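So, here's a batch of structures to check.
Each of the next two complexes has chain A plus one other chain: chain B in the first, chain C in the second.
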Partner chain A sequence: MTTAPTAPAGPVTTTARPDRPARAPRQLRWLLRLHRPAVLAWTAFVLVAGAALLWLGGPLTDASAAAWKDYNACAFSERCSYDQDAIVRYKDVYTYTTSAVLVAPFLVAAWAGGSLTGRELESGTARLAWTQGVTPARWLAGRLALPAVLVAASTGLLVWLHRLAWTAGEGRIDTAKPWDDAATFYANGTVPVALALAGLCLGALEGLLLRRSLAALTTAAVVLGGLWATVHTALPHLWPTVTVVSSLRNGPSGAGIAVGEGVLTSGGDRLSAPCSSGMIPGCRTELADLGATGFYRDVHPVAHYWPLQLTASAVLLVVAALLALTAFRVLRLRTAGPAGKGGPA
Partner chain B sequence: MSTTAPVRLPRTVLRLHRTALIVWGAFVAGLTGWLVWLNEVTVDAVRAAQARCSSTSWGCIDVIEFLDYSEPTGYVGALTCYSFLAVAAFTGGSLIGRELESGTARLAWTQGVTPARWLAAKLAVPALVLTAGGTALVLVFRWGWAANRDLMGDNWAFADVFVARGPATVAYALCALAVGALTALLLRRALPALAVSVAAMWLLNAVLERHRARLWPAETRTSPKPFELPYDVWRLEWGRTGTGHRATYHPASHFWPLHLVETGIVLAVAALATAAAFAVLRRRTA
Partner chain C sequence: MTDPAIEATALGKRFGRRGAWALRDCSFRLPAGRVCAVVGPNGAGKSTLLALAAGLLAATEGSVAVLGTDPASARPRVGFVDQDKPLYPQLTVAETLRMGADLNPGRWDADTAGRVVAGGDLDPGKRIRSLSGGQRTRVALALALGKRPELLLLDEPMADLDPLARHELMGVLMGQAAGHGTTIVMSSHVVAELEDSCDHLLLIGGGRIRLAGEIDDLLAAHARVSAPAETDLAPHEVVESRTTGRQLSALVRPAGPLPGDWRTAAPSLEELVLSHLRNPEAPALAPTPAHDTTEAAA
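This part shows the complex of A and B:
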């Protein structure tokens, strides 16, 4: 009603066939209005986390780096003055912001399960919407598309800011987390974005399957945790490792995400290592008995960061697509029966 | 009819929330089983690896096996400590919020159950279940955490270990129950009440955790010469002063005073939230 007087001459062509094109934007507007508290809360979350990450990457990193410089300049001298609080503050804010980035996919999954589909099916407003000229498939598509764009954009922003903040401290802060620290590894890359999208599809599917808001909320969050644990376990095997061979004197070496280690024999076999260094007399004889020629370690060096991240993200996106497809399928089965019946309950 | 209602009310609460009851039972049983397994089975494998190391004179690369024991033990402690967040979500969302949103609470109040009695049953039954389960978890964790100290790298002052080793675990759960009920009565909608209760309890825990060291006077030691503190103290500040060395710390014997003060604060918040919940309910239904 309010749009009619202000509408310019342009939309005349759309009013000529008002059925389809007009519906999508209206549905999106409804979606935004219906979930206004969630949109506001999410915006606040992203803004606070983003601001904290900028603060972390800027002033906090500089203060902590300066404190470490002072501390290292002391070189164990009698008198030493450095800003211990700056170091502790950097560590605290780093931990909080990293947790916030990693918690974001779970918030998305919980919201999608509890609020996006489950609630409307429980209360029956979804069924009402389907009688108002919106087909169930279109209803679900609208409920997935816009949140997917918003979730991808905001989690993408958060991981990018996290990466900027982490990079700013690299090599300047002695206690900064290494790239292969599990929480840092994930928060610096694309996995949280893919995980959030998977959480969105998972929540929507659980809502359709369980048709109960709180049950879908809980299940979506728990299953997403299981999905992440699976990806975490599989991750080192998603990309070929590099084998670092080291001499018997030095023991196994090679920094990064280690997948396996042991000794190599002259015959080319890989055996588990009985001890860690040929420098120790007893160990030397034991290694000689095995016919060992050197130690090996299979690792992912830092160069494998993006291949690992992107492969894991791709796997998660495939999972998200499968979940979305299943959701559409479940919806079709549910709504295929005679109108008014809930289908297989 | 009205005389039988109060008798049946607790049973109704249990039946309505049987899924939550089963999940809680499985949680308590699962963590207990996990800890027993760690201390009866896993520990043998770690000890065997340790024996292999100590029987030889050279270095050992099997120290990583310690983590098989210490890491899961830490997880059990963290899950025990932070279980109150799930209690807050359940109370705000499912126990109270959902019934106020759907109107079934109002229906119950017309069936000879007064609102106050309804809320009392809604709070008392879960409180009993939570106290029983929480007590079991605390006792099991106290045993499991102390059983093989040499394999653990943590300290009694770690945030989650601190809570999981005493009645504060139960106090946080009861507080989450009361806060969840209060938010649900104020908001009267399940999902917002769920989110707000979890956020409020997380905040309360974060604040108390931050100021935990101040809940009991710390000890200070000064000496002109450098000194070592016992390994099991909670170090707060240490370093040089103008004339010598100085350390502020909580010795291990401060665990109980610190823990009980925090438990008292959390229980006081729980009592206030419960009183507020009944007051809100009375005003709403007056």
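This part shows the complex of A and C:
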């Protein structure tokens, strides 16, 4: 608990240490005070989502696994008694919690755009801060640094809990999502953390650029969606794939995130497959005409999970850093910087 | 105290690359310790000038020096009250003052800030969002005065205040200027509001400086004359002239002794300001920093 800062009791403080900028901890204490409702709401969100994930990974997984065990023990007997509710409840809570983990970066972006910078520029309180001993650069630095730490810690906690919950059900629940299911893939790794940090910087920049709370809130969330879609599209190409070659009889195989597939010819060329199995007579002829020797499939196997996650996260962190830099640059051009550096050329 | 409080050189500000100039070719010098009125119609560029001096906007061209340095470096020594009196609505009055104390370590004068707020009979536990316009002005002024500025920039500070509060706060400001030698620059579009308390004038019209200098000097440099119609006023510079019947009345800047057969009178400040605003083509009277006439008046 921080104690409320009190004003000096003496009649007049001295100016023995003039022109000292406000010290960071005091500035950050007021940042927390100004955004207290948001901090409380975010804490509640993280606590509820975290508790739901613990519940999911513990009792719900056990109950669902037991139900599946009962179900599978029935084999083909006419009457089967198993706890269907447990299975459905697991599925529902899994869906909700995964959505919560993935929605968190958007909440951060919307808050950063709407409240952190947008509202302050719209109402003019940013100007108040800049003329109350906090330089514009320090104002923005505080507004990025402290939330970045809190956001990284809390979203990191959520994805870690999600991963624990998912791992608990692996192999025990027949309908558990596979590792390469898109939502599960992201919610189990570091991408939401990097995405939340990018959302923070994006929101802060939009707030500075648009200077309107609602516009910045909306734009930040929409642009973050675009950024995620871009990363999602680029993701399979961020790491070299593994080529799985299979016989003409079996058709293309290889589990994981598929990037491309087709047939290999005796000359070593890669062609698109006209059909998918040498077992079908018509297909066999077509494959023979192409001179195909086997099917291939470029995939990311489960071993590529962390390389893909970490590369995508690194890309997002670079984007976040660029957005933050742009925000500082915009602020510097708008306000008068120190001598010789301020103002557009 | 040798550095001028504000010295602008060909200062200009344009919003957007193709926007209109809010302020252009603005040169003046405001000596320290003055109480300066920035007067002009709405949209004349008063707020832009104050924001430039406070280092809240970057100049498009020219430069402005504040307290002998650039506006950004001078910011800790400058108090600023924005036209809209922005404050954090979720904080209480007491919290707002505590924030001022925290953000201005080593400078904060809790006593002055507390006195300004106490004068308004404000409940310290009240939230800013529940205050009236005048009460907000009081808190904003308390914040600006609490940091013990050497230069106080006030944008339309008295607009929301009732006459009693206006009188009281003007007294606080004048006390500050007299007691600490604080330079005060306040803008208004109501001349009468500033006439009694200010000794320096900056008249802005259409984004340009029209008049700049000590009010006494400016008044002394002008004369209201009445002469028969069709009198040639040359070589005196004419600000405004009007012919009614056989009578010509004009506001001129005498270039030398005026003829004895003209009836002359000293203009009031309001007449001076209105004549210049009514006649945008009248030449500006703004001594450039190079040959400053206001220093002598000190």
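Criterion: the second predicted complex is superposed on the first by the 314 of 345 C-alpha atoms of A that agree within 3 Å, B and C clash if a C-alpha of one lies under 4 Å from a C-alpha of the other, contacts with A are read in each partner's own complex, and residues count from 1 in each chain.
As a working rule, a contact is a pair of C-beta atoms (placed from the backbone, for glycine too) under 8 Å apart; a residue touches a chain by one contact, two chains touch by 3 or more.
Treat the numbers as computed from the prediction; the structure is a model and nothing was measured.
> Looking at A:R334, would you say it contacts chain B, chain C, both, or neither? Reply first, second, both or neither.
second
> A:W130 in the overlay: touching chain B, chain C, both, or neither? Say first, second, both or neither.
second
> Hey, is it chain B or chain C that touches more of chain A?
C
> A:A321 in the overlay: touching chain B, chain C, both, or neither? Say first, second, both or neither.
neither
> Go through the superposed model and pick first if A:V245 touches only chain B, second if only chain C, both, or neither.
In the superposed model, A:V245 contacts neither chain B nor chain C.
> Looking at A:S213 after the superposition, I want to know if it touches chain B, chain C, both of them or none. Which is it: first, second, both, neither?
Touch status of A:S213: first partner only.
> Under the stated touch criterion, which partner chain does A:R29 make contact with: chain B (first), chain C (second), both, or neither?
So A:R29 only meets chain C here.
> Using the touch definition from the top, say if A:S115 reaches chain B (first), chain C (second), both or neither.
First partner only, chain B.
> In the superposed view, which residues of chain A touch chain B and also chain C?
In chain A, positions 37 sit in both the chain B and chain C interfaces.
> For chain A, which residues are in contact with chain B within the complex?
Residues of chain A touching chain B: 37, 41, 78-80, 114-115, 119, 213-215, 217, 252, 273, 275-277, 280-283.
> Using the touch rule from the top, collect the residues of chain A that touch chain C in their complex.
By the definition above, chain A touches chain C via 4-23, 26-27, 29-30, 33-34, 36-37, 123-125, 127-135, 333-340, 342-344.
> Along chain C, where are the residues that touch chain A in the complex?
Those residues of chain C that touch chain A are 51-52, 54-60, 69-73, 75-80, 82, 84, 86-88, 90-91, 95, 97-112, 114, 140, 143-144, 147-148.
> Which of the residues in chain B end up touching chain A in this complex?
The contact residues of chain B facing chain A are 19, 56-61, 93-94, 98, 190-192, 194-195, 240.
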